[in-house]
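The following pair of complexes shares a single chain, chain A, combined with chain B in the former and chain C in the latter.
On to the complex of A and B.
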């Protein structure tokens, strides 16, 4: 049992993470602090949530780029609507309504995919443009800075804080959501029949259907999960930043995708884990911070993410092929 | 009797040229769209409109042919816009570094020509990179090109710190803004690319191998085709095509910009591929050409109709997303028909 843990991919990733952080720490000791860790986690919380949403889709063997647009369409219109009604209450109503919209969009995507046998990527390309276009045209194209009274100050609710070189860094309470979501998703994927169905469909679609997995059910579960998690991520980000944007997360899809693949989700489908995705996202976050600490311009970030993604995916494909 | 005979002939004609031919369907779609806009918008049916359409469709059309080729061999290419913009940047930087004060007109023309060469080289290199990881390392083409697309654009952003680069010699303007015999120069490039690709696909060994590879790769391998090399070469051709688009964009806007065309261009290329009925091993560059024309007619028509609407670019995005989904659904029904017929 112990041996298995050390041999697992997640452990390898964890070592890589430590080694990477240590290396940057050698160049710039300021990097090695609890403050940095908290900063990385606070920024990455949102990406981790989205990556968790994308993970089941990747396991299915599909690539979706519309999850960022779902985040926008499920937060901004709801916010404008509630502000228009003069809502002054807390954040919970926001969470419920935004998640509901996310789930609805997810259900629609799942329905279209299954009924019309569309490739996941093609539909997501259309959905991405459609949803951003919808939000920007029908709801509004300007960032909104109004906040209901009950939500002001929510972005300062720390679990605990530390004093660091750059100032006070804290661990935000939204961090807890990662564990709740992560645990639920892990349970769903590992221990439910439907969750195993996701892996089965990703490994071999026709075999999965013949085994008796209901494809429609799988699609109608995976995409609402993605929609809901995108909505939660979008809402959390908007509240942390204290503004709601119609073009939320535009162009951030590659970063999340790279994190998932780095976290061990197979590019061909059928493999992936919640813990790996978590570590992968943190690693991408560290890379981003490292660029800052090593004195590079942040404009190189996309290039670095792209390079990591390509090298990693190539390595992964090569090793899985040789195993067969 | 004569009437029945005529009806039969008509039906046979319909079956052959419309019901079973995507090209015929595309022409009908094009015709209907054109009629619709001519009736709703009096300013639509003018040479001026068509001139700007020819200009705009060329840029996208050349990209779409590149994507079509990749789809034909069983792949996909999302990185095409990234390689177009990156090759435009490299050509631009080359010109800026080589341009001297007091160069004669002929020297500047030569410089632009050299820059075009640089762009094509960069495009080919981008294509080679794609080709190696898709063809030889066997990465799923969608993910691979999504990654390389981000890589190319990231490289652009890194080199320029996210700024756009401008200040090129005036002579560059001819490629994107010039006219020959009243027709915009980019259209000649598009037409040239279409004709060359048609010849390549239908009259050369390489073209035949591309169809074979896409239709059934295992069969192709057993027929003695080196499919990996075919795939790699296809991506190189796509890269070169993208660099031509890059030069047109550079010349037309006189600036290199990393997020030019961002999300919608990829959507359009996929859109054209879907409505022209292209899939692995099947499809024709002529269909692509007509589909591109139909798409451009739609786009220009929308522009006229939505002129007065505020925030109309967002509305257009919304409509394009919707149309892509609608056509994907229509595609499903035509595919079902085809499967039933077989």
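On to the complex of A and C.
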């Protein structure tokens, strides 16, 4: 049993992470610090949350790109409304309301998919444009910098802080959400019959129906999870950055998708894990940070992630082919 | 005497105006292996679906374990211990063996929590009943078709299972795997489980059956005990189709070896699959190539068709050297290829029949502007539909409206339209019922008589003996034997195939 852990994909990914960090450390020793780790984690917290939301959809055998738009539509309108009402309280009300909107959009997507038998990707293409369009047209097109008094300073709530070469780096409290969400999601996917249904549907839909899984129930669970996590990610990001944008995360969907796939989720469905997704996202964040430390322009980031992704996909296809 | 598990009396089932089953009786006794034979459309699938509760009967009486049912529901059928294994095995490739075996029971129990200990316990229990032992945490995707079938069988084995219905279970299996499956079936029988084995492969039925029931056009035409000794292929074929089939071997004159061969292949090599294979095919000859899985016979066919990369010292047609780098070269040289999997690689199922006949000759059917001339296209299509006797009222219907045998003939029509000089057929009768099979054989003979060279790739030994006049046996990419079919027998060929794999073990 112990040997199995070392053979798992997650372990391989972990080794790759260490090796990569070590290599960059050789070029720039400053990279090898707790500060770097904290920075990567702080930036990647948002992406990890979104990747966690996307993961069940991928396992289900669908590719969704609208989760970024859900983040926008569940934060910006709520913020503008609460600011308009003169809300001065804490962040908890934001979390409740934004998550509720995310869940509602997820339920709508699940309902449409199940009722009209649309393909997940097709619907998400439409949803993505529609939700951004809704936010920009009906709510507003300008970034809003107002912040309720009760929420000012929340973005400086560190768990720990460390002094590094570039200044003070901290581990923000939002980091804890990864563990709570990750644990709950892992439990759902692995230890509930419904969670196994997600894998079953992704592996073979018609057999899943014949086995007795309720397709509607699966859709109506998976998409609200995605909606809720997108909303939480969107809100966390907006408060950390101290502004709310109608075009939040526009174009960031591909990066999240790449992280999930790098983490071992199959776009064809049936495979994927919470730990793998976590490591995949961290790896991409590390690449990003490394480029900064090696003195590359930030524009290089997309190019490098794209290259890594193609190498990965080639490798993956070659190995699965030889297996069968 | 043994108890009866299923007793269906005077069953009639209609779909709209079509009578699928007409006043049919069927009994299944405890612990017996019953083979149900019939062509496509004979009503055997309908009978399975009545027993498993998918359909309900229009007239008649149904008794399960002595209890009368007005209407059999799927749940009642399961509760009475009846299990059906469908052709696709109903497994999840990405999930582990343990989960695949146990998930249905866990879902049926209505468990909210996934108890992995329970899943492993169920899987171990069920595999134990079959006497198999696979690692519980391996994914099913990594298993061979035969192993998947064992998992599918253990999955349906419940505590009270009395009858397992297998719907054409051997379609995806090699000969050796089929033998293993037969052993499993006999083992289940010894445990008191009855098997209803539905097939149209006569040689397996001969090996297995204790009692055979034959359906034809919705009626039962035969129901009696049989033994392997007095199982008569011709008689069974007649009962299934209602026609006397020509099962005689083709009588060829021995190829004249001094003639220039029609096709000469020297040193054909496919990396890791085929090693330096050479053979000749003469005028009017049907050349058979056989072998077990991994023998390399399929790769030889694909190479000659230019579909996979290969090396060869020389390929000559009528003495002239040809160069094959891709499919286009191969078609130019005069090759045609009929694939085994007609649905996946042979036809555009949703497109009209005429579109499926013309793709290879499409260059000859364009008008001056380079557009496809619709009238010419349909004329060509009608010509070949008639020539090959594809049964359809209209060439504008989609290909999927045809029955299996007619689809296979449509694939043939596509290649005949390009008038190839050498036709390569890879398992042309797999999954085709016995009547259509005989018709395809007759077509092949006629093609050969008219001067076309035919290479038949098949693992169906009786078929090869019947149609080919020379048979090459391949193993691990090498030709290990060559036989004139009039000088060899089924046993000789089987032994050569089986002996070759026993050396492996």
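Please note the rule applied: the second predicted complex is superposed on the first by the 324 of 324 C-alpha atoms of A that agree within 3 Å, B and C clash if a C-alpha of one lies under 4 Å from a C-alpha of the other, contacts with A are read in each partner's own complex, and residues count from 1 in each chain.
Convention: a contact is a pair of C-beta atoms (placed from the backbone, for glycine too) under 8 Å apart; a residue touches a chain by one contact, two chains touch by 3 or more.
Not measured: the values here are computed from a predicted model.
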Partner chain(s) touched by A:208 [first = chain B, second = chain C, both, neither]
second
Which of the two partners, first being chain B and second being chain C, lies in contact with A:149: first, second, both, or neither?
neither
Should A:306 be classified as contacting the first partner (chain B), the second (chain C), both, or neither?
first
Per the contact definition in the header, classify A:190: touching chain B only (first), chain C only (second), both, or neither.
second
Which partner, chain B or chain C, is in contact with more residues of chain A?
B
Contacts of A:294 with chain B and chain C, given as first, second, both or neither
neither
Touching A:130, do we find chain B (first), chain C (second), both, or neither?
first
Chain C residues touching chain A in their complex are 88, 90-95, 99, 103-104, 106-108, 111-114, 116, 137, 141-142
Touching chain B in the complex, chain A uses residues 63, 65, 112, 116-118, 121-123, 125-134, 136-138, 141, 251, 254, 257-258, 261, 267-268, 297, 299-307, 309-310, 313-314, 317-318, 321
Per the touch rule above, chain A residues touching chain C in the complex are 4, 190-197, 199-200, 202-204, 207-208, 210-213, 266, 269-271, 323-324
In the complex, go through chain B and note every residue touching chain A.
76, 133, 137-140, 142-144, 146-155, 157-158, 160-162, 262-264, 266-267, 270, 274, 311, 314-322, 324-325, 328-329, 332, 335
